[in-house]
Structure formats: structure tokens, C-alpha cells
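Below are structures written as C-alpha cells.
The following pair of complexes shares a single chain, subunit A, combined with subunit B in the former and subunit C in the latter.
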Partner chain A sequence: MSVNQLSEDAFYNLIDDLNSKGTTVVAPVRNEVGMVQYEKVTSSKDNFAFDEVIGRYSPKDAFFPQHETVLRYREGENGVEVKAEEPEINDTVLLGIRPCDAAAMISLNKVFTWDYIDNLFTERRKKAVIISIACNEADESCYCTSVGFAPDGKEGSDLLFSKIKGGGYLAEALTDEGETFIANNSTCFSKKDKSVELEPIAEVTDLGVNIEHIKRWLDKKENFEHKVWDDLAAKCVGCGGCTFVCPTCHCFDLVDEPYGDQGKRVKNWDGCQFDHFTLHASGHNPREHQPQRWRNRFHCKFKIYPDRFEKKGCVGCGRCIRVCPVNLDITEAMIEITAMES
Partner chain B sequence: MIKYEQKALLNNPYLPLSCRIVASTVQTDDTMLFKVRFEDDRDVEAFDHKPGQFVQLSVMGTGECPISIASSPTRHGTIDLCIRKAGRVTEAFHNLGQNAVFGMRGPYGNGYPVEVMEGNNLLIVAGGLGMAPLRSLLWYALDHRHRFKDIILMYGTKNQHDFLFKGELLSLINRNDIKTLLAVAEDIDGSWTGEVGLVTDLFDHAELDAGNTFAAICGPPVMYKYVIEKLLEKGFSKGRILMSLERKMKCGIGKCVHCSVGFKYTCIDGPIFTYWDAINMREII
Partner chain C sequence: MIESLRSKSKELLENGTVSLVIGYAEGSKKGKTKPFFAYSSEDCDKLTFSPQCVNNLTIYLTRKFTFMKKGKVAIVAKGCDVKTINVLIQENQLKRDDVIILGMSCDGVVGKDIVHDGEQLPDENKSIKCLTCDVKTPIDYDHLFGEEIKSEALEPMTGGIYDAVKEVKAMSWSDRWKYWMDHFERCIKCYACKKVCPLCYCDVCITEKSRPQWIETSAHARGNYAWNIKRAMDLAGRCTFCGECDRSCPAEIPLNIINQELAMTVYDSFENYTAGYQTDVTPPFVSFKEEDKEDFIK
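And now, the complex of A and B:
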């Protein structure tokens, strides 16, 4: 695979070039309240935040939108007409997401393609090129290296950009799609300069945890009722914020939204932290208490994803820690369980 | 008439097919048996299910819910759905009325492992609404009677008013190729001529050859514990006890995670689980 480079100017020209070709460009931008989000950008003059440690929400929204119409219906004289939604799926470039989020896309892809295929996800993924930018900075919530990833990790990206000292990026193609992307936008890229020196990669705090040990501990049946769940999750208020910002969380609901005699069925993000998530129509709820729901999420990340999909369920982006209103920190559980299993 | 435009660019897995209610009969105060048929004959032809599978029923503007198929695949052409008014969708479905059109997708789930069960005795133990998915298995076995050895049906309800498929099941008493044991927990008006007691009491009236029998059970959560105790007492191995379980479901195709129990998805790996599976799955009921 080829290694090229692009100057600071070429980087922003790339955004304009892609837009002029009709490609959708999604990149980190700072909104009016200072929050960084991955959004569609239309010109190189946008309020970019490529240097921000990480966006508030993950970029999973690009393939798995928070609200997505799956069908529309209309009650007419001859009954109800139902029409499958046919979203216009444009060629898309995710520019400047972080390596942890790119890695999470592999896990998400597995969920939406095992057994039945959710074409709404796969069609979007097929039309997208993922360009990650290696992290030069990490914050106190980042822990990618503790779960087997790296601030300059290559999993899930088509191209990895690394910041060059003095400006510009080194562009490493990681897939055929990445190579094609460079070929199609060759005016922005130049041959790698031999003397190129990269900005130092971020140093991420090592939690000293071992995810194999965590998995082994979770595999032991008796630990399902361990008091650690109640101890750690007692303060969880069930807001579900962690599930919405998580790049690998993929629970959703299918909800009808009627407006008079017509309406639509929408696939909305849902979260296993909500009390109604497993509530039967009969009133019976197999996960009645909040610690049970928190335990489920922890299992999903460190046991269910590996067991079912042979993928990692947690990429260490740290968003669930940053967003939690009661400072419930998943790494505390990881540290405590590692200690018990060692 | 619903017109479904199916020529979507994407093969949208969430799109239901158009279906019509062709008959309905009152079962109890809140439960009806609906006979339904796809509007398009090609869909009728293509629909092939196993006993124990379910469908996602769709009332536009209200939503979807999973419903067990209550008819046997041996009776091709129409599909029976026994539906209790339990939530918004089932309530709306009850209100659709005769000949109404609605949406349906499926069949989903694993169904009973009938190929493995054939050649054995079959014990069906049902409680209340649990008879609905088991009715599919019951008639599959009766329609392929030579493929099974002895068939025993045990069915219990709270009282005679809650008894489902009454005429049909009572008529089985006269058949000599199936042992039919029926019970009500409470005989509210003295009209019940059969056993008064719990479904577990019916075990006293049956001789079971545990090593050559598959037991298929379905009922309210509380029933499983006691029926399983009985079966284990009678020497059933855990792999020969088949439970039909329910979870809240949304997509039915192993994506939305509502029905997951550990790494198992009730909509894909279930809803039929052996007791052996169940003891290894926490929070299953």
C-alpha cells in the first residue's frame, strides 16, 4: 500500500474538490456552543476541529443514523399504501475521524451483516471512504491502548493521516478503497518526502487492565450476581447517554410516527440502559433494576461482542465517561474486575 | 386494499408484506384467533414456516409486535394467529375488524427441531396463551402422525373461560392416537367435567418414557419452574426439554438487540431453547 503526503493547503483543497465532485464530506466541526461533532461540511471555510481530541458523538451516525425512516404509509380511498423508503445514499468521505471510531465501524459492520443483512447500513458503508487522523493528543478519558487499540491504529480505516511537523499530513493507504481514493484525488497528494517528521503520537493513560482477564471473569457464571454490579452501578440514573455516544452501541427501536392519515416507520437509536428496553407488554421485565441493565452493557462490550461476533465491543474512546452525568466510569469496573481476576 | 410498492432499490428487511384477516373467532374475553392470508398469492406460496416460529405483525400508525404462528405448516394457505390484547399493537389489531388488511413479515426464529424430534414420543405441556405456538407443533405432529410415536397433550388454564381452542382440543379427547389431558385451576361455574388443578397435576395421569420423549413446553413465566421440576423428576434430560420463550422484540432479525439474552438472540437462536440452553443463559425469563 502506498504512502503519500499532502500539505495543509492540499488538505483543505481536498475538501473543496470532493464537494465539487458531489461527494459528501463528513468532518469534525465546532458548533455555535463549542461542541465538536461530525457533520456534513460544504467548504474548506467551515469551522473545523481536526485537532479536537474527539467529537462528542461518534461518527456511527454516518452509517446508522439516529433517526432513519424505513417506510412511509398513507391511508387513501383504497386502503393504506405503504412504500419502502429509498434513501439517497451519496458517496461519502469520513474525513478526520479518530482511529478508535474507525475500529468501531468493524464491530458495527459485523452486527448489521451477520445472518440477515441490514442494507440500510451496508449500502452506506459501501459508498464511504474512512480517513482517520492519528491522535496527537489524548485526554484523561481516553483508554484505547488499554483495550488493544492505538492512537495511530489502522483497524477500520481506508486511509490513515498522520500530522507532519510544521503542517500537512502523511497519508497511508490501508485498503484498496484507500488507494483508489488517492488515485482519484491525485492532485492533492504528493510523493512522501524522505525527510518528513511526524508530530509525536498521543500518550494514552494505561489503565493496567487486561481485557482477556475481564472476559474470563465474566465467563464465570457465579460472577453474574457479583456485588460489584450493585456497588458500581447503584448511582446510574438510566439516562442512556453512554449508549448514544458509544461508537459500538447499536440498539434501535422501530417506531411509527403518524401524522393524520399518513406517517412513517422510523428506526431510532435505543439503549439497553432504559427501563422499557426489555419491558414486556404483560408488565414482566427480565431486567428490572438499573444495575442489571448496566451489567448488561458491560457484558455487551467485553463478553457478548467477542462471543457472538468475535469483535471487540469497546474501543476505548472514553465518550461514556465524558458524558455520564453521575461520573459512572466504566474503567473503574474494568480495573476492579482485572484486579479480582489476577 | 394496501398497495405495497416493493420495487425498492434496497432490499429493505423491515418492509412488511400485505396480509388480510380472512376469519376471526373469539377465544376469551381478550383473545381472538385470526386466520390471515397474504394478499399476493406469490407471498402465500413463498411462506414456509416451522412450528414454533413467529411473525412480526404490523398495524400502520401503531407499530409492530411479534406473534407466534398458531397453525401448522401442513395447513398451507392461511396462517392462524392467536392474539391477546396485551399492548398497543395487539389492541389496534383487534380493532381492525373483519377482512381488514395489515402488514406482516417473517417467519422468524428457529422453530422446533422437528427433524430431531420425529421418531420419538411427543409431550406437549401448555399453560394459558402458551397453547398458541404449541398448537402449530400439535397439528404438525397429528398431520404427520406416523412420524411420531405416542403423543400426549397437557393443557391447563386459570378457568374454563381462559381455555383456548376449546372445541378443537375437546374433540381430541375422542381420538385414540393422542392422549389429551386438560385441566382448569378453578372451575368457576361447575361446568367443567375434566381435571380441576394445575397443569403439573396432569403428570399423574400419564406414563412417560423420558428417554424417548421430547417435551415441548410454553406458558407464563411461573409455569416453567414447576413443569421443569416435574420433567426432571420423571428423568427427562435437559436437552429433551424444549421451551418456547418470549422477549420484547423489535426487528426480529438479530439487529436491534431488544431480545438478546447474553450473546443469544431470542429472535434468531430462539424462541425455542432447550432447558440445557436456558440454564446457561442468565436473565432468560
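And now, the complex of A and C:
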């Protein structure tokens, strides 16, 4: 695979070039209230935030929007007419997401192609090129290296850009799609300069955890009712914060929104931390209390994902820690469980 | 202050007055504390108090958390948190005797996303609620920790958040509509705002009612608008301005502004009523008076 480079100017020209070709470009921008989000950008003059450690929300929204219409229905002369929604899916470039998020897209893809193929997800993914930028800075919540990823990790990206000292990026193609992307945008790229020196890669806190040991501990039936869940998660208020910001959380709900004799069926994000998520029509709720719901989230990341999808459920982006209003820190559970299992 | 808080907590647990002390402990990251439940004397050594103690712990007194309560509890409460306790008592969610209030004298906590080390907290790092606080020494407590702090005499509904509300209110209708719609557009329906709110204690929230679906689950303009207006309206005349919803909102929606706008309206319309200061008056929205000035209600 080829390694090229592009100057600071070429980087921004690339954004304009892609836009002029009709490609959708999604990149980190600082919005009007100061949050960094991955959004569609239209010009190289947008309010970019490529140096931000990581966006507040994950970029999963590009493939798995928080809200989308799945089908429309209408009561006609001959009964109900149903029409599947066929959204126009544009060529898209995710420019400047972080390596942890790119890795998470592999896990998500596995869920959405597991038994039922979710075309809305897969079509978007197929039409997208993922360009990650290696991290030169991590914050206190980042822990990618503790779960087997890295600030310059390559999993899930088509191209990895690394910042060059003094400006510009080194561009490493990682997939055929990445190669094609360089070929199609060759004016922006130049050959790698031999003397090029990269900005140092971020140092990420090592939690000293072992996710195999965590998995082994979770596999033991008796630990399902372990007191650690109550100890850690009794304070959890059960909001949707951690699940909505997480790049690998994928739960959704299908609901009908009727308007008179017509309506649409929509697919909306849902989350296992909500108390009514598992509420049965009978009134019974198998996860009655919040610690049980939080246990589910932890299981999802470290047991269900590896068991069912053979993928990692947590990429260590740290978002759930940053967002939590009660400082319920998933790494505290990881550390405690690792200690119990060693 | 921390030492006496710890020893009082130990005493209460040891002599069986309470089975649980709800307080704060050091958090997992710099500049953070976390809600902490002390069940034993050992646990009490972890209790702490500082300007980083932002959470309103009274949420754990509500029936959202009945599963963890066994008998009487003690709670570490700042002046603003005690106001919530008062509303919970007023609304029959709690009896004064159910709880031992470990009142903290408090000169302010850190604002949203502010990392501040050390004791002295400059105004610019404070939560906006602290700028107009008149309960730096709680109005009710069983035990007080720290020196009493005299709150300055304040002009009601002036300064801090109230000035921010006035700015929004001064906008033209169309600008104001746009202001709110732009903010609500960012709502991700995570419901952190209602989940951290100690006064959002309904067993079943209207958002969970699906026949009919009063509040659409979609995070689209209509669904977000319906949700945000509904939440704010339910807190009118009840919100004590602990600011937890605003602090917890990942989408940076200025929920303090909408809540305090309603608080100001209630103040103007209901004989200067403010929530959280008295437990023995009927809240304006659950009272009925024959001499009501509005015709529609008679």
C-alpha cells in the first residue's frame, strides 16, 4: 500500500475538491455552542476542529443516523399501501475521525450484517471512505491502548493521516478503497518526502486491565449477581448519555408516526440504560433496577460483542466517561474485575 | 469541615440513626467528585466536600431510587439541594423525619466543564446558579458543616441567570423562536435532563406512553420541541434551580434559561412565589382559589 503526503493547503483543497465533485464530506467542526461534532462540511472555511482530542458524539451517525424513516404507509382504496424508504445515499468521506472510532465502525458493521442485513447501514458504509487522523493528544478519559487499539491504529480506516511536524499530513493507504481515493484525488497528494518527521503520537493512560480476564470473569454465571454491580452502579441515573455517545452502541427502536390516514415508520436510537427498554407488555421488567441495566451495558461491551459478533465492544474512546453526569466510570469496573480475576 | 462531616456520619451509622449516608467521594478524573453511598464507618472515610461537589444528591431520596434505601438516611446537602428537599416534602414525596440533612455551607461550585483545583473559586469558574445564591448557609439542616456564610442581600430575579433570561426575552418573537428552535434542534433525546432531575420522579414518564404517543420518540424538530417544552412546563413553579439538567445536557441546550424564565413568570404571576423556601404552603399549580383572577378556571 502506498504512502504519500499532503501539505496543509492541499488538505483543505481536498475538502473543496471533494465537495465540488458532489461527495459529502463529514469532518469535526466546532459548532455555535462550542461542541465538536462530526458534521457535513461544505467549504474549507468551515469551523474545523481537527486538533480536538475527539468529537463529543461518535461518527456512527453517518451510517446509523439517530433518526431515519424506514417506510411510509397510507390507507388507499385497496387497503394499506406500504412503500419502503429508499434514501439517496451519496459518496461520503469521513475526514479526520479518530482511530478508535474507525475501529468501532468494524464492530458496528458486524452487528448490522449479523443475521439481517441492514441495507440502510451497509449501503452508507459501502459508499464511504474513512480517513482517520492519528492522535497527537489524548485526554484523561482516552484508553484505547488498554483495549487493544492505538492512537495511530489502522483498524477500520481506509487511510490514516499522521500530522507532519511543521504542517501537512502523511497519508497512508490501508485498503484498496484508500488507494483508489488517492488515485482519484492525486492533485492533492505528493510523494512521501524522505526527511519527513511526524508529530509525536499521543501517550494514552494504561489502565493495566486485561479484557480477556474481564471476559472470563463475566462468563462465570455466579458473577451475574455479583455485588460489584450494585456497588458501582447504584448511583446511575439511567439516562441515555453513555449509550448515545458510544460508537459501538447500536440499539434502536422502530416506531410508527401516524398522521391521519398515513404515516411513517421510523428507526430511532434506543438504549439499554432506559428503564422501559426491557419493560414487557405484561408490566414485568427483567431488568428492574438500574445496576442491572448498567451490568447489561458492561456485558454488551466485554462479553456479548466478543461472543456473538467476534468483535470488540469497546474501543476505549472514553466518551461514556466524559458524558456521565454521576461520574460512573466504566474503567473503574474494568480495573476492579481484572483485579478479581487475576 | 470534611473531618467533622466524616465523624458525624460515622456516629449516625454506628448508633443506628441512619442506615446510609449519601454524600460525595473523590471522582475518577481530575476535578471530579462522584455521588457516594456510605454504609459503614470505613466508607465514611471516603466522604469529601469541595467546590467540585456539583451533583444534587437529593435525586437519591426520590422514589426513582427506592431499591437502595433501607430505613432512614442522611444526606450531604448544599443550600440549593436543601431547597429540593423542601419541594419533595411539599409534594408529599418525603417526610422531614425520613432524612437527616448534613447541611454544607457553600460559597459556590464549579460551572459546567470547568476543571478547578483548590478551594478558592473565582466567580468566573462558578456555576451560574451560585452567582445569585441566597442560601449559602442552607435554610434547613440537622447538622451544619463549615462556617456560616451570610448571603448578600440580593435584588430578586436580578443578575446571573435572570439577566440571561431577560436578554432572551428582549428578543423579537421570531428571533426568540429561532433561538429556541436552534437549541432544541441539537437535542439527542438522551433524557439526561429528566433523569438527573430530583423533581422528575414520576413512575411512568409521559415520554414512555405510546398509546397515544404524546411525545414522539424521534429526535426531529417536532419531537424535540414537544419534549423540551413539556419538561420545562412540568417544572414550572417547582424547579429550584439546582441546574442539574443544564449541567448534564450533552447537547449544551441552555435549560437553565428556560427553567428560570418559567420561574420568573411564576414569581410575577403568583405573588412572588419561589420554589424551595417553604414546605407548608401549597404550590401555585396545585392550589385552587375561588377568587382566582382568571375566568377560565372558575
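Assume the second predicted complex is superposed on the first by the 338 of 342 C-alpha atoms of A that agree within 3 Å, B and C clash if a C-alpha of one lies under 4 Å from a C-alpha of the other, contacts with A are read in each partner's own complex, and residues count from 1 in each chain.
The working rule: a residue touches a chain if its C-beta (ideal position, glycine included) is under 8 Å from a C-beta of that chain, and two chains touch if they have at least 3 such contacts.
Fair warning: this is a prediction, and the values are worked out from it, not measured in the lab.
Looking at the overlay, does A:M1 come into contact with subunit B only (first), subunit C only (second), both, or neither?
It touches nothing on subunit B or subunit C.
Identify the partner contact of A:A183: answer first if only subunit B is touched, second if only subunit C is, both if each is, neither if none is.
After superposing on A, A:A183 lies clear of both subunit B and subunit C.
If we overlay the two complexes on their shared chain A, which of subunit B and subunit C does A:D253 touch? Say first, second, both or neither.
both
I'd like to know which partner A:A339 touches here: subunit B for first, subunit C for second, both or neither.
A:A339 contacts neither subunit B nor subunit C.
With both complexes superposed on chain A, which partner does A:G241 reach: first (subunit B), second (subunit C), both or neither?
It touches subunit C, and subunit B stays clear.
Count the residues of subunit A touched by subunit B and by subunit C, then name the partner with the higher count.
Result: the larger residue contact count on subunit A belongs to B.
Thinking of the overlay built on chain A, is A:F112 touched by subunit B (first), by subunit C (second), by both, or by neither?
Touch partner of A:F112: subunit B, not subunit C.
Residue by residue on subunit A, keep only those touching subunit B in one complex and subunit C in the other, then list them.
253, 255, 279
Residues of subunit A touching subunit B in their complex?
Result: residues 70-71, 73, 75, 78-87, 111-112, 114-120, 123, 221, 224, 250-256, 258, 263, 265, 267, 270, 272, 277-282, 284, 286-287, 292, 296, 299-300, 303-304, 307-308 of subunit A touch subunit B.
Quick check: in the complex, which residue numbers of subunit B touch subunit A?
Checking each residue of subunit B against subunit A gives 1-6, 8-16, 18, 60-65, 86-87, 90, 101, 103, 221, 246-248, 250-251, 253-258, 260-263, 268, 280, 282-285.
Which residues, counting only subunit A, touch subunit C once they are in their complex?
31-35, 56-57, 66-67, 140-141, 230, 234-235, 237-241, 244-245, 253, 255, 257, 266, 268-269, 271, 274, 276, 279, 288-289, 321, 323, 325-329, 331-332
Residue numbers of subunit C touching subunit A in their complex, please.
Going by the criterion above, the answer is residues 27-30, 32-37, 55, 59-60, 64-65, 67-68, 182-183, 186, 188-192, 195-196, 208, 210, 213, 216-220, 244, 247-248, 250-252.
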